[in-house]
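Presented sequentially are two complexes of chain A, the first with chain B as partner and the second with chain C.
Coming up: the complex of A and B.
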């Protein structure tokens, strides 16, 4: 087996055992409950406060009248992002705090293999979380036609990879600033408000729209909704998808290269 | 062979008094112009007080941190430029209990660390069984590490450091927290693999006897500089102007003991009436005088031991070093 995959496999196994022994269900439950509420709140507001009225500008920008499905799609992508960022993004800094990273850095193991391993370990979990949120959404009245399932599956894998790329940059930021709280919450805030999870990006002030284009999730999410809500095909959205891929690769490259370049400084700065 | 030339390490420490102040940068020279060789088949010791720069030196040699200047060659590999080539044939064992996964068992830990070195499944299994047997953990291999005692965790660290069958092993206080029996076994093991498997070993320790027993060559560092080097015997000869003597008599004679205690040039003396023994450190060789005295009192000497103490000479080296600084 190639060293990258050997490392990835080892990291997956290790993380799996630790997760299973340490907190088998709590974080999973916490996130699922949290995201179900995050659907229920806007939906209730929509039903009971706005009485199912949506503004014209929303309809114009979102290309749909169906706010419920719109938000269910947004939140289900959001949960993949949160799940991936929390696992892959925090994996390394957690190890630094527990004092277990030194031996990894001592070894010649593939660094990208490490990130891949932690990604694979949480992949199924985040898929499960996604499906649960989607099912709750459908129960609440979101309209998702059965024939769209394959395309949803494709999109979800794509989104998950996009989040992986973001997670590597976030991991590097966390590791070198020794901060998790601010970094993580800044990213969650950005994803919630400027990537178009709850409302179309076009409703934002202009300058924020530019920033939102710097997040790879924005265009991916837009393409996703176009295909599910707007009955477009993948081919119709290839520009959005290509754009999202390029930005993702830029995130990945910056995160990974910076990490490799200053890897040795890391041990110097964690003075134990 | 590992060759380190003119290693320097300057740490940058950022200090912030208050969150709104700009951080003040301080520089700390932890290692200054250290050169050393580690040959295969030899154990090299690195001695010095706390904060002397031992760990910093070891971390540079093991490619964990980069030197501020200087070169390191591991078997002709430039370890500063190509650390990933060097990493394959070295390993580092440190004292302490962190550094391993407490929720995993010993075997799971070793499986993980072994895979990081690219070992395949069958190689890994063989190597793990071997490493576990060396540190005597085979029986407890499948218990989570959190249930281990401190010494068992330390032994697992040692097994981990051997997992890739390294050509060069760095040991940073490896016997910290290990009981005397295990420590003895470990020292024997280190000696054995050094000779039989032709490995190069660099060892730091605060147990001087350990260094004396194991090391073929010793570097003494203080304030980041090498202040003395040589074999243990060289160091003892160079710096010990003191004599360390041990007498056991066949009976206890108070006036004899009193007379001996009154001899000149004694630095330190321990009298033990129950064992009829005297232990003393003196500036002059007192054997003749003591034999003379004891025959005066018609008291037989059962045993005389003379010792050069590495500890005594180290004290002296460090004192000299500090007075220069």
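Coming up: the complex of A and C.
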């Protein structure tokens, strides 16, 4: 346990110094501007085009008439996903590009500790982004009751861990394909499209609904909305939470096993 | 003039050889716009009816959204292509070698933008074919509409791409340009009619030439009359962009001659 902790701590400190010195503003502003404008589009059409009239199918599938809160919750979770996938997913390929991977692989440092360190470093930043999006959402009309704050905090940690598991698989795909651009953007767009960020998953064709269930974020987001908008308890959503946890563990297991397997050939493959 | 044409053609050839067979093209020019289009389409499913009598039927609505996505994608590809390509050339030293040559700087910038746009051409034809299939009657008028829209996109995207390239050469931290994607999407009315933008947003939208371009190609395909004032506004916007590009290029070169750091990243 101690090597995992030591590696995680060292990586957290290293990444914090890099972010503060090299990219103090650009990565943060890019994500925040992106997320705020993602809220602005649905909010805009809600107020200015449809005069706050939502469809019956939305009410039926989302179990709520509060469209704004529905969107704001979706986008705030989306920003956690983007932040975690960007930081943890790209960490290993960044080492390759900066030429420091050889040193890392030669050292006895814990691999999972490395990923955990990257995760912890970006967690506080993603919380800041999450709070900002939530604040903008509330200003635009979303209703987040004060008594729901503890449950929101619990869900943030859960969602963040779900995204961490997804990020391990994505990191392995990036290392395998030696690409970040295509992999990360395709995942971001897929999350937007099939995880129910902007509209209920039930609006999609049936075959896409099945695919959306393969993403752990879909059921986690549904449980989150049920608890905040539907006044349900965590116990009422235990099936969704358990399902999301199982899929996340599968993502983590596949990603980590393939990384360990691929690691043996990694150095030779970098220069191919 | 002949030299400028040679430079432009060299840049177009380079872009074609470097990127045409690249798998990233199929993702960024085809899969991503399709995913983005369907995300927008299903976002509208949360509301009752269509918002505009002209878009009351599904075909018109599909055509409207596809044209918005197409226009936006051409402009966005300029940003992505410009930032990535120049960052790479700065790293491997090619940018400095190019700047040692007596090549006309503006021809270089516009040649690159044109090269990037031509990479988008095949995507344009796929989208145009979808629109033709949606309208489901191929006539000579449709052919003229496709050519007309192509010319508008070619002109505006290339001039926009020139500005993006000049910014990328001016600063090595051009990653901030990725921030303009969402604002450009919103203020150019990619996903809804321009007339629905509130007053304050309409004051910002003329900054982006994509606003006029999307408005014009929608008017061409959907049979609406094109407002002459909009064309004049577009031409004014393009002239200002060309002027900014020229001034920025001059300032950058003078600065880099003094400091000599085009190569470092």
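Assume the second predicted complex is superposed on the first by the 270 of 272 C-alpha atoms of A that agree within 3 Å, B and C clash if a C-alpha of one lies under 4 Å from a C-alpha of the other, contacts with A are read in each partner's own complex, and residues count from 1 in each chain.
In this text, a residue touches a chain if its C-beta (ideal position, glycine included) is under 8 Å from a C-beta of that chain, and two chains touch if they have at least 3 such contacts.
All of these numbers come straight from a predicted model, not from anything done at the bench.
Of the two partner chains placed around the shared chain by superposition, chain B is the only one that A:10 touches, whereas chain C remains out of contact. Partner contacting the larger number of chain A residues, of chain B and chain C: C. When both complexes are overlaid on chain A, the residue A:207 reaches neither chain B nor chain C.
Shared-chain residue A:108: touches chain B; no touch with chain C.
When the two complexes are overlaid on their common chain A, residue A:264 makes contact with chain B while staying clear of chain C.
Touch criterion met: A:18 reaches chain B, while chain C stays clear of it.
In the superposition on chain A, contact is made by A:100 with chain B only, not with chain C.
Contacts of chain A with chain B, set against its contacts with chain C after fitting on chain A, share not one residue.
Put simply, chain B touches chain A in their complex at residues 11, 59, 62-66, 83-85, 87-88, 91-92, 98-101, 103-104, 108, 111-113, 115-118, 120, 144, 160, 164.
Residues 1, 3, 6-7, 9-11, 13-14, 17-18, 21-22, 98-100, 102-109, 264-265, 267-268, 272 of chain A are the ones that touch chain B when the two sit in their complex. Residues 26, 29-30, 33-34, 36-38, 40-42, 44-46, 48-50, 53-58, 62, 67, 179, 181-182, 185-186, 189-190, 192-193, 198-200, 203-204 of chain A touch chain C in their complex.
Here chain C touches chain A in the complex through residues 23-24, 27-28, 31-32, 35-36, 38-39, 42-48, 51, 84, 173, 175-176, 178-179, 181-183, 185-186, 191-192, 196, 198, going by the rule given at the top.
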